[in-house]
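Listed below are the structures to be examined.
You will see two complexes here that share subunit A, one where it goes with subunit B and one where it goes with subunit C.
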Partner chain A sequence: MKKGQLQIQETAIVIFIVTIIIAISLIVFYRYTVDDIKDDNARYLDEKAKGLTEIISNLPELKVSEMGIEADWCIDEKKAIVFNNGFYDFGQKRIKINGIILYDNLNNLVETRKFSSPVCLLDPVSEKKEMAKLVVEW
Partner chain B sequence: MGKKGQGMQFNWIFVVIAGAVLLSMFAGFAVKYVDLRESRNDAEIGRGLDHIFLSAKSTAQYKPFDIGREFDINFLCDEFVINKEYRQEYDYVVFGDDAEDVDELIIWSREFKHPFRVDNIIYVFDPRKTVAVSENVQGFVEGLPEGIQVVSSSQADIVVNVNSLPYNDLAFVYAAMVSNENNFECGVRLLEDKFKNVKAVYYDKASSMPGCISSYADVKSKLDTLFLDSNVEELVDSNRALSNLGCGVVF
Partner chain C sequence: MVKRGQIEAIGLVVIVVLLVLLGLFFLKYSGKGDVDEDRFLTIKANNFLNALRQVSIGGSSFEDLAIECCSGGSSCAQIESSMVANGATYLDEDFYFELKCVDESNSVVKSTNCSSTVASGHIVLISGDEMFVKLCRNF
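Presenting the complex of A and B:
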């Protein structure tokens, strides 16, 4: 093989290796960015599931109301018992308060996560208040 | 051409091809990366809006949304779309209209009661637009958040025809003001369903309350005939009567 041809082959190999290294770096960087976006999405869904406790405890279908005035952070036990859990679509979750299931659509999931928030539960008949746990599982 | 000349020519062709391959690889990556960044930005805007909507749903409030970059927003029935790419679903009542190249939105929520609270309705408005109502509506201007310009009908971008609304309530005047036809119809339908659901909860609660049978039956019969366009005074009186009798109120 002549010296000129050898030089060209060397250059070709160098360029090929450099190209492969650059391509691998770009793919790794791209995949890292995609994974980062997926993590962001997972964090967002977690935050949203946790935020559900605030939304649930503020629903007019659950909140204590006396003469049209609502009490902060208190859930009406009677309303919780008759709560129509088919009206809302909270996705694949189970939501309960002191054993009362408000929403249950947690099927075929092996691993679940849980978040609970303290709320006040009022029995409108005896007017007795107690601290309860509003639990969201997803 | 001598052998040396041919070698030089081959060298140049090789360099050009290798350069083109590298350049196209970088260009391809740049395009993909820009797409990814844009999708991420769209998702950030969508989630930011969703977060504001959810907090506005919990408590009636006013919040400006200003992110310092322009975007398009389209409101459909149960989702909004950012830059025609990112779709954010929601299952709450939001009234809004499509807007292009907007960098600021006015978002506020308002309790809707009839006579009990049905929901906090969320309104999304493009502050570049001016509004007017076809006739004087009590409390209309006072109920608007800052930054919305009310002008005369002849100068306004949006004129709300108060007589064409399905229900006589300020909530629907604002809804018609901020939304497009499709979103308005959809939001009203969702609100009607929500009203039926809340009413059903109160009906069932009245059924489960012990004692004061005739008083609870009275509330139940009034709830039965309660619609969004009916008078609420008799129901409020029946509920108050429960309190006067020492029985627990229904709402």
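Presenting the complex of A and C:
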């Protein structure tokens, strides 16, 4: 084999090895990026769902009010019972306070996550205030 | 035969690739702490304290009983049992609770053994007494 042919083969081998290294790096980078995006998405959904506990417990449609003015940091039990009117779209979630379902759109998800927060629940008839568990499932 | 220059070039490429991968792992694990979880635990702690303050216990609110307890009344045991029962039922985390009376005579404390906690805001009652909650971090 001539010296020139040998040099061409050497160059080809070097280019081949470098290409393989770059290809492996790209595959690793791609997988890492995809996993990272999935993690970020899951984290975003978690934050969004957990943040709902704060939003729900401050909704004027649920809070105790007198003559239309917010009166207490409590959820009105009667308002909670009639809340499920489809006005709000919280996505694929189930939201409930004790046994009262405020929103249900889980669509038979097999694996769900859950976050709960205590809230004050007022029975406007007896005016008794008790603690309740606001649960968000997603 | 591979020349010495080519071997060095390949070595450099490998080093650069390794450095890039190290940089990516560093970026992945830096800056993503438990700050978000802390935020939600704080919300939970504040919600618990706000709800607890208003809960009715035998015709009076928890707040009224706390004020009575701090002024030397006999309601301290009642608010302690109510707080412990509500915490066990409505919180998923172990918690620390303190009712700090102005004159420091009749404070109610529910302690916890966890090393790392997230605190709620302090609620100052009309009488000047304070109460707050700390939730244990589960992570």
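Keep in mind that, in the parts below, the second predicted complex is superposed on the first by the 126 of 138 C-alpha atoms of A that agree within 3 Å, B and C clash if a C-alpha of one lies under 4 Å from a C-alpha of the other, contacts with A are read in each partner's own complex, and residues count from 1 in each chain.
Basically, a residue touches a chain if its C-beta (ideal position, glycine included) is under 8 Å from a C-beta of that chain, and two chains touch if they have at least 3 such contacts.
Computed from a predicted model, the values in this text were never measured in an experiment.
In this overlay on subunit A, subunit B fits alongside subunit C without clashing. Of the two partner chains placed around the shared chain by superposition, subunit B is the only one that A:A23 touches, whereas subunit C remains out of contact.
Of the two partner chains, subunit C is the only one that A:S116 touches; subunit B does not reach it. Between subunit B and subunit C, an angle of 100 degrees opens at the CA centre of subunit A in the superposed model, to the nearest 10. In the superposed model, A:E137 lies in contact with neither subunit B nor subunit C. When the shared chain is aligned, subunit B comes close enough to touch A:F83, but subunit C does not.
Touch criterion met: A:E10 reaches subunit C, while subunit B stays clear of it. In the superposition on chain A, contact of A:K50 is made with subunit C only, not with subunit B. Superposition on the common chain A brings subunit B within a closest Cα-Cα distance of 12 Å of subunit C. Put simply, subunit A uses residues 22, 51, 54 to touch subunit B in one complex and subunit C in the other.
By the touch criterion stated above, subunit A contacts subunit C in their complex at residues 6, 10, 13-14, 17-18, 21-22, 25, 28-29, 32, 36, 43, 47, 50-51, 53-54, 57, 72-74, 115-120, 128-134. Residue ranges on subunit B touching subunit A, taken from their complex, read 4, 7, 10-11, 14, 18, 21-22, 25, 29, 32-33, 36, 39-40, 43, 47, 50, 54, 57-59, 91, 113, 115-119, 193, 197-198, 200-201, 204-205, 208-210, 236, 239-240, 243, 248-249, 251.
Contact residues on subunit C toward subunit A in their complex (touch as defined above): 1-3, 6, 9-10, 13-14, 17, 20-21, 24, 28, 36, 40, 43-44, 47-48, 50-52, 54-56, 61, 86, 89-92. Against subunit B, the residues of subunit A that register as touching in their complex are 4-5, 8, 11-12, 15, 19, 22-23, 26, 30, 33-34, 37, 40-41, 44, 48, 51, 54-55, 58, 60-61, 63, 65-68, 70, 76, 78-79, 81-84, 87-89, 124-125, 127.
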